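Each of the two complexes below includes chain A, the first together with chain B, the second together with chain C.
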Partner chain A sequence: MLEANELMVFYENMLALNNISIQCSENSIVGVFGANSAGKSTLMYALSGIMLDIRKKEEMAGGERITISGDIRFHDQDITSLKPSLRAKSGIILCPERRRIFKESTVLENLKIGGFLATKAQAKDTLEYILHVFPALKRLKSRIGGFLSGGEQQMLAIGRALMAQPKLLLLDEPLLGLSPLMQATLIKATKAIQKEKKISIIVSEQYARPVFPIVDYAYILENGAAVMEGTRQELMDNPDVKSAYFGV
Partner chain B sequence: MDIAQARKERIDRGIKVRSDGLYALMSLKELSYLTLPRFLLIAGMLSLPFLMPGMYWQRVISIVCIYSLLALSFDFLAHYVGLVCLGGAFFIGMGGYIAGILNTYFGLPPVLTIPLATIIGGALSTFLLLPCLPLKGVYFAIVTLMYPLFMARIIEAFDIFGGTDGIIGIDSFSNHWVEQYVVIGVVLGFVFGLRRLVNMDIGLIFTAIMDNDQAVKASGINITLYRALAVFIASSMGCLGGACITHIYMWSGISQFALDFSILPIAATVIGGAGTLVGPVLGCLILVPVSELLRDFGTLRIVFYAVILVAFILFKSEGIMEFVQRKYEQFERWTKI
Partner chain C sequence: MQIIVYGTINSVSLALMALGFAMVYGISRVPNFAHGALYIVCGFVCWIFLNSLGLNYFLAIILSLLVNALIGALMYRFVLIRVRGMNISEIIGSYAIGLAILEGLRWGGFKGMTYTLPVFMEGSITLGGVPVDYHRLLMMIIGVVLVGLLWAFTHYTKLGLALQGMAQDERAALMLGIDSDLMATLAMAFGAMLAGVAAILILPLGNIVVESGYHVLIMSIAVCIVGGLGSWMGAIVAAFLIGFTQILTVVYIGSHFQMVVAILAIILTLIVKPSGLFGRQHELEERV
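Now for the complex of A and B:
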């Protein structure tokens, strides 16, 4: 479904992504694990096209020069130089790190903005579906987004991404700063969404343990390079992974 | 949106790296690498009065320096303290009127009126702006934009300080060389003084307040006090410029509250390079003479400014100074990925 080959991103002279090739097949959950500054968010930005936007802004302000090389294919189409808005139209939706919900708007308004690309019927169905997956949002509908707790905001952010009718959902650190209980709820919901909506999900996370049970395939990033990859079972059996990412 | 096969590397020049260290003190070449740009600025500014053909253009140089002071104060407040100040006209008017009043009503000579107007004007402006200092956001900009209008209308309505005619018969500088070297010296002093200030501890606090005022408060620092101090520094600079303008034209009137004084410094800062504290002076050196050359076109000058400003924001929003500095310190070469 999505295929990125030899992706490289430079921030000025710093290499943020070093020759990464990743694949995501239909109806699967792919995990991307790595420590801070391993390149997870850069990878997400590169896949969703936001990187092109950042590059443009930096170029205009005379800031860091960002260089992108490699190619990204989605449904056998080359999308390497496609604008982020067009990528979203074709079905790649990013749910950004630190949620980035619209703080001044209510929960319902947040979801409506997310549904800009959807038809009326789709938006209505998806809204019902979101309230079904995240029942906690039901009683918060008219609450201002900025006043929600971290977990509720994350639910809202995922909901907003779903409203855009994704075929491939990119979840960037969805568990950031959440309690173990909330983490478990979100992971369960993520799995349910993947199954019921029949979409693919790429999820990045620092700490692999809570996410690991639901991924089909995973990549481990270190200093911008993919040092290891494999199916869940392959990685589980690897002693290095065990000690580094599960603390066993 | 092409995808690169090769990229341009930016690498610091060897001489830059060497002159960052102790080596700079041991070799004439590295020493001159460091001092040459500063020397060029100082020597260039000091020689300007000699290079100008005739009195008219020498007067323009004085005006350039006064706008430079305003642009410097804008740059300092906006990029090192985080306050967007549209009050150039307010500071010029305050300084101008105080100098005029001190000179005509109390008979003080310019040697005293200029420093007094600087201090009193700075203090008064800071006091009037104090209510909006604890706030974050756009309030400071709005209030500083409103005060000059407010002041001008009050003077007009109550017919005080000469009303619409302004205060006339103010002493001038003893001759035009004194006038020019006073303003040039003041500008150079503030350029290097502010560059030093922002690298000291107090400058660190200013920058921290800009980045995150709550974290600074949590460190036990009274942010209103420090903001007031920064506003005092900046408004004093503006008032100093206003006092000089009053003595240059031997007149102070409500046109000193004109919005030109608020807008042109901002344009100059954008063109010269925001946050560099030298860029604004360069911007004024370009914009003010250009605006003099365009005097024949009347108010269409403003259109010309606007076009320059928009063009710079679109195509070179880093400004001249950042661009030149990068070329001076780094070189580029192509590398294959």
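Now for the complex of A and C:
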């Protein structure tokens, strides 16, 4: 479904992504694990095309020079230089790190803004579906987004991304700063969404442990490079992974 | 009574002037210093449609509003898009366009007291002992309706919601497929149209003169700074504050002090509360 080959991203001379090739097949969950500054977010930005927007803004303001190379294919089409808004339209939706919900709008408005790409019928169905997956949002409908707790904001962010009718959902650190209980809820919901909506999900996370049970395939990033990859079972059996990422 | 009636009228016209400026800044963060020029252009375009081409007044108004929207969109598409995100350049760029338009009009012979638009309705009524002409009354009603429509537009239509999203977090909106350049172009077109609406409503009360373009720009900046940049509610409240203060100074001090009020309001706001009355909620911290 999605295939990225030899992706490289430089901020000035600093290498942020080093020759990464990643694949995500239809109806699967792919995990991307790595410490802070390993390149997880950069990878997400590169896949969703936001990197192109960042590069443009930096160029205009005379800031950092960003270089991107490699190619990305989605549904057998080359999308390497496709604008981020068109990538979103083709079904790649990023649910960003730190959620970035619209803090001055209500929960319902947040979801409606997310439905910009959806038809009226799609928006209505998806809204119902989101309230079914995240029942907690039901009673918060008219609450201002900025006043939600971290977990509620994350549910809202995922819901908002779903409203955009993704075929491939990119979740960037969805568990950041949440309680173990909330983490478990979100992971369960993520799996349910993947199954029921029949979409693919790429999820990045610093700690592999909570996410690991639901991924089909995973990549481990270090200093911008994918140092290891494999199916869940392969990685589980690998002693290096065990010691580094599960603390066994 | 006089103060209340004229204060309200003055406030509504200030709010009308400032709405376009507030909207463009709120959505695309571009301080549109060509706002005053767009205001005057709409007046002259309407005058041309009306007198040189002999169109019906209503048709002339609609057409001139569309022309204005087009000018706004082109301004963004070809000039402002290149300096997006750099505030000083945006100000210089848009102010240069505004100056070029205004002085170009003056050079083109649009000066003097000969250009006027007809009022919508002749005649007047007395409100609590104060005579008010129908046009001013109509202006107030249209102003209120317009604010209501704008509110409904931003809360209930897809496009309005998308604009709201972009105003709050451009990149997050982009992730949802909301193209920021397209939206900013639209915002600019809407802003220019609102400047046009203000012009069509206010200009029939006097002459169309190039100088009032500068006047409108200063007034709308004053209103937006006092109200908090980017906040429409703030702009409306500030319009009433400044509007009434102006009328009070006219009654008790002298009519020359109208502009002083506006400038003083800017200075005082910047000293006391730089983010304005309803500045965006920066204190709303992110929860991790």
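Everything that follows uses one rule, which is that the second predicted complex is superposed on the first by the 248 of 248 C-alpha atoms of A that agree within 3 Å, B and C clash if a C-alpha of one lies under 4 Å from a C-alpha of the other, contacts with A are read in each partner's own complex, and residues count from 1 in each chain.
FYI, a residue touches a chain if its C-beta (ideal position, glycine included) is under 8 Å from a C-beta of that chain, and two chains touch if they have at least 3 such contacts.
Every value quoted in this text rests on a predicted model; they were computed, and no experiment measured them.
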Specify the outcome, clash or fit, for chain B and chain C once both structures are aligned onto chain A. clash
Would you check which partner chain A:Glu12 touches, where first means chain B only, second means chain C only, and both and neither mean what they say? first
Scan A:Ser48 for contacts with chain B and chain C and give back first, second, both or neither. second
Which holds for A:Arg65: it touches chain B only (first), chain C only (second), both, or neither? first
Answer with first, second, both or neither: which of chain B and chain C does A:Tyr207 touch in the superposed model? neither
Touching partner for A:Ser85 - first (chain B), second (chain C), both, neither: second
Would you mind checking which one, chain B or chain C, touches more residues on chain A? C
Let me test your reading of the model: by the given contact rule, A:Leu117 touches which partner, first (chain B), second (chain C), both or neither? second
Kindly classify A:Tyr129 by the partners it touches after superposition: chain B alone (first), chain C alone (second), both, or neither? neither
Determine, for the stretches 95-103, 131-139, 203-211 or 239-247 of chain B, which one clashes with chain C when the structures are superposed. 131-139
Find the residues of chain A that appear in the contact set with chain B and again in the contact set with chain C. 60-61, 83
Name, in rising order, each residue of chain A that touches chain C in their complex. 48, 50, 53, 57, 60-61, 83-85, 88-89, 93-96, 98, 100-105, 109, 112-117, 146, 148-150, 153, 160-161, 163-164, 176-177
Which residues of chain B touch chain A in their complex? 1-5, 7-11, 314, 316-319, 322-323, 326, 337
Within their complex, state which residues of chain A touch chain B. 8, 10, 12-13, 52, 60-63, 65, 67-71, 80-83
Complex contact set, residues of chain C against chain A: 82-86, 155, 158, 161-162, 164-165, 168-169, 171-180, 182, 280-281, 284, 286-288
